[in-house]
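These notes are about the structure you will find just below.
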Amino acid sequence: MKKTIATLAVGLGVALAGATLGAGSASAQATLANVKQKGFLQCGANTGLAGFGVPDAQGNWSGFDVDYCRAVAAAVFGDPTKVRFTPLAAKDRFTALQSGEVDVLIRNTTVTMSRDTALGLHFTGVNYYDGQGFMVRKKLGVSSAKELNGASICTQQGTTTELNLADYFRANNMKYEVVAFASSDETFKAYDSGRCDAFTTDASGLYAERLRASAPDDHIVLPEVISKEPLGPGVRKGDGQWADIVTWVGYALVNAEELGVTKANVDQMMKSDNPEVKRLLGVEGSFGEGIGLTKDWAARIVKGVGNYGEIFERNIGEGSRLKIKRGLNALWSKGGLQYGMPIR
Amino acid sequence: MAVHSLTPGADLAYVQARSSDPLPPPSLVRGPIAWLRQNLFSSIPNAILTFAVLGLLLLIIPPTIRFLLIDAVWTGADRAACREDMAGRPVGACWAFVVDRIGYFTYGGYPVESRWRVDLWFAMLAVGIGWMLWLKAPRRDVGAVYFFAIFPVASFVLLTGWQAIGLTPVATAFWGGILVTLVVSIVGIVFSLPFGILLALGRRSKLPLVKLACVVFIEVIRGVPLITVLIMANTMLPLFLPAGVSVDRLLRPLIGVAIFASAYMAEVVRGGLQAVPKGQYEGAMSLGLGYWRMMLFIVLPQALRIVIPGIVNTFIGLFKDTSLVYVIGVFDLMKTIEAARIDPQWAAPTVSNTGYAFAAFFYFVCCFGMSRYSLMVERKLAAGQRR
Amino acid sequence: MSTIASRPPAKASLVNDPKVRGIVYQVVLVAVLVALVWAAATNAIDNLRAAKIASGFGFLESTSGFDIGQTLIPYSATSTYGRAFLVGLLNTLLVAAIGIVLATFLGFVVGVARLSSNWIVARVATVYVELIRNLPLLLQLLFWYIAVLRALPEPRASLNAGIGVFLNNRGLYMPRPIVAPDSWLLMASLAIGVVAAIAYSVHARRKQAATGEQSPTGRAALGFVVGLPLLVWLLLALLGTNPISFELPQQTRFNLNGGLQVFPEFVALTLGLTIYTAAFIAEIVRAGILAVSRGQTEAANALGLRSGPTLKLVVIPQAMRVIIPPLTSQYLNLTKNSSLAVVIGYPDLVQVFMGTVLNQTGQAIECVAITMAVYLTISIVTATVMNDYNRRKALVER
């Protein structure tokens, strides 16, 4: 019988060893060192949201959030391809970040107080100002969300969307019937097959999902935006250096757009006389070294993925199938909210 | 009728002296009409029943065949082929969609240039399964070593890759489709058998604490749905490990499935242990064999033989249940079909049902084959035990 | 473990003493288990603290903030998480209860049909069983959900079955009875009817035991349970008070409003679970009937019983002994399988509690533990009840 125990112990040992075999270990303290040692950035991405993060049949990722990941990789390695993506469902994303499975979470995640303070993650800014909206079929003749009293609404469970929806209908004293699904795929498919009158998620998501409808032109997005959904990248709490890197990658992208530095002209801009451009591209000063990177960190980013405006246009703006207007995400100087903190 | 007098007393009128002419065979005992009468129209309620069932079949079968074969679209590059408004004819199953996505359904996002590794793995798996299931195969002991020791290690190296021998590592996030379905089921069976045997032995142990631990484990796992075990493995496993240690996303459901299958396997094995006559235990003990030798050489070989059908049935259940890893976002066959059917490139009304038909075909062939096999073994065993 | 020690044992060294060894092994096992649990627990506590996730069951008292489609008890976004848990639990129990009843019925029909002398009936039943048993339930549920949804018209073109019953892709709508507060008479008459029906059937059984005479218990029960309240209702209606009124579903801009609504998710789940489980039950029933010796049927035939009564009075009662234990586990399987609701958006316990609540609160351990405990309790209770029933039905051997 000793052997039973011995075998059991060995068995458990094997199981644990097996568990750690496939396990990567990451210390919360030195994400940058860890990333450099691995040789690639592990980025938590959406399981598939057109325009923001979507893998093609060969497993190549593209999208707005994906380009943000690439920008971080470019800043660290000078190579935007040194990034791997972990597709995460809404409900898995925070545990994945906490457990060190991903180094950074750039997955259209709303910045909220409770998430910032209670879930052990730190938001490094806002890369996309969004708001929750509704999509309905044209033939219903609905032109405002206020007319949705009594409608069936499909939503994804475990998101802020689900809570905002309840708040909005309660505040407007309207009734509705909610049908909640675990994934955005299932949610949209149920709407598309007629289970619901309206489909709700972040406005950006509405435009992305509409492309997947059997007949995209049969659907309209209602004008109301019922919530503030600032979407931003998140990192683990407690690693200030890594948080700084992700934060300033975001500002560098916006600053590059403000200063007119693009993927195409970044090399000429190196010779620019504008001191702000010089500081951004590392010709003057060595701001990158302050966050553990090289002087030319921002130049690497722009060379790799372009500036904020380019990323936007390419993936979700007029140059894409989504055709989302800049709106709130225009530069502050053009009436929007994107404002790059000065690099100096 | 004329009566010939052949024997004394033959003039008695009531004695038949000659055999009567044979009657023609009754038309209603043999032949197709009789068969119909006997099997379909033996009574009025039966006849009504027959017509009702025939009506039901007429309602189901012709449209199904029409959908799957006659109206089906076999070739096409995108949804245009499978939309009635574009194709200009009634459209049934959109097999072109399956043809187009078959690589995705088989390998998921596994890099195209490395897919030969998966093919090789499929072949190795087929060899292993064939060796184990063909009862008269040569050297089945070697087969067992191959299947339970060599094959798992080889699979790990082959599928995840090993830079040192020139196999590029492929992250499990790229695995998908039938590959993942098979990996999950195989891991389930390879781990559940040894652990199940240990648990079954523990449950029949005379040591109260060992028994208690095994009973609690088995009954708790059997008392909860697989989904909860999977969700637990997915969300709670990272919490139970030291900070910074993360478990691969595919490994988590594998652990969940292995735990789940072990509990069920334990009960199957226990049935076999109980069916071994007490005399065998006593005989072994009287020979002076210790517990482990008794189990290993006398009891388990007999017990496992008895429960082969049970093991196969558990495996069929497990194979079907692996589709649940879908719920925690692992790209198994079902999930790849779900992902592909909502792709706008193939947005057409019949695409979903075609995808499901493909999955149904795959699962049915596998499960039905296994259940036939289990029946065959059962019959063979029954024949062997007849005295 | 060997138990040879009947004569005074020779002094064996402690290492070889089976008792001592047994104790040592168990101590080691317990130590290993405790160490594992302890490690897991400390890790969990550290991780939770690092992630600043609250622990404990206090969250059950906080406001949930989300809505649920199908609720059997009053619930809104201002209710607590605890209430949401109850809603999910009741939805699970509802679908399990209805599924069990329907699956048992269908399973018995198919099981008997497989043994039918009618060739085509037996064949169709066999194909049904083989096909359904060899396909994953998940696939079947998705198919039913999509098939049910696709086949039905949208609300503006609802199928109208008259008398206020409508069918569309938002579900099945029926008139909802609204019981007036002064209808206690009606309730009382229903209660009296049930009691009377039970009393009559007890009486009838005694009479049959004593005299062999059979009484029409079924018709009598129908009369008591349905007829009596109906009579009272008519009387009340004649007296001018209407104890029950019906709320009819009304077409509104989007959906039908009011009335009793059966959601398509519920229909798909019930349908899927019923059809799937019935295939397994059919096999159990078939095996049970085959286990009854052929002589029983022949003896019944010799007594002049026709095939219906033979099955009902002779074969099935005996087959039940074989059928009940595996039937119990099928009931449990159905209940556990109802957790697949999560893929088609039916708000059962897993979908509401392990899905939404877990995500909104982040308290994974508590949510998972509560959910598992619920299923365990259901399993244990069902197993106990069915074992008890089994014991009463079991063959008393002399």
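Every chain is named by a letter (A, B and C) in the order it is written, and numbering of its residues begins at 1.
In this section, contacts are C-beta pairs under 8 Å (C-beta built on N, C-alpha and C of every residue); 3 or more make two chains touch, one makes a residue touch a chain.
This is a predicted model, so every value here is computed, not measured.
Student: Weigh B-C against A-B on C-beta contact pairs and write down the one with more.
Tutor: Most contacts of the two pairs: B-C.
Student: Report back the single chain whose CA centre is most distant from the CA centre of subunit C.
Tutor: Between subunit C and every other chain, the largest centroid distance is to A.
Student: Per the centroid of Cα atoms for each chain, what is the distance between subunit A and subunit C, given in Å?
Tutor: Taking the average C-alpha coordinate of subunit A and of subunit C, the gap between them is 43 Å.
Student: Starting from the mean Cα coordinates of subunit B and subunit C, work out the distance between those two points in Å.
Tutor: That gives a centre separation of 25 Å.
Student: When the centre of a chain is set as the mean of its C-alpha atoms, what distance in Å lies between subunit A and subunit B?
Tutor: Chain centres of subunit A and subunit B, defined by C-alpha means, are spaced 41 Å apart.
Student: Using the touch definition from the top, which residues of subunit C touch two or more other chains?
Tutor: Where subunit C meets two or more other chains at a single residue, that happens at 1, 22, 25, 29, 47, 50, 146, 150, 342-343, 358, 364.
Student: Two-or-more-chain contact residues of subunit B, please, as numbers and ranges.
Tutor: Within subunit B, residues 205, 207, 210, 235, 238-239, 241, 243, 291, 327, 338, 349 contact more than one other chain.
Student: For subunit A, write out the residues touching at least two other chains, lowest number first.
Tutor: If we look for residues of subunit A contacting two or more partner chains, we find 1, 4, 8, 28, 91, 95, 98-99, 182, 186.
Student: Which residues of subunit C touch subunit B once you look at their complex with the stated criterion?
Tutor: These residues of subunit C touch subunit B: 1-2, 4, 22, 25-26, 29-30, 33, 39-40, 43-44, 46-48, 50, 117-121, 124, 130-131, 133-139, 142-143, 146-147, 150, 332, 336-337, 339-340, 342-343, 350, 354, 358, 364-365, 368, 371-372, 375-376, 379-380.
Student: For the complex, which residues does subunit B have touching subunit C?
Tutor: So the residues of subunit B in touch with subunit C come to 39-40, 42, 46, 49-50, 53-54, 56-57, 205-210, 213, 220, 222-228, 231-232, 235-236, 238-243, 285, 290-291, 316, 320-321, 323-324, 326-327, 334, 338, 349, 352-353, 356, 359-360, 363-364, 367-368, 371.
Student: Residues of subunit C touching subunit A in their complex?
Tutor: Where subunit C meets subunit A, its residues are 1, 21-22, 24-25, 28-29, 32, 36, 47, 50-54, 65-69, 76-78, 146, 149-150, 154, 169-170, 252-255, 257, 264-265, 342-343, 345, 347, 351, 355-356, 358-360, 362, 364.
Student: Please output the residues of subunit A touching subunit C within their complex, sorted ascending.
Tutor: 1-2, 4-5, 8-9, 12, 28, 90-91, 94-95, 98-99, 117-120, 140, 147-152, 157-159, 162-163, 165-167, 169-170, 176-182, 186, 190, 193-195, 197, 238
Student: What residues on subunit B touch subunit A, complex-wise?
Tutor: Residues of subunit B touching subunit A: 103-104, 109, 111-112, 171-174, 194-195, 198, 201-202, 205, 207, 210, 234-235, 237-239, 241, 243-251, 255, 291-292, 327-329, 338-339, 342-344, 347-349.
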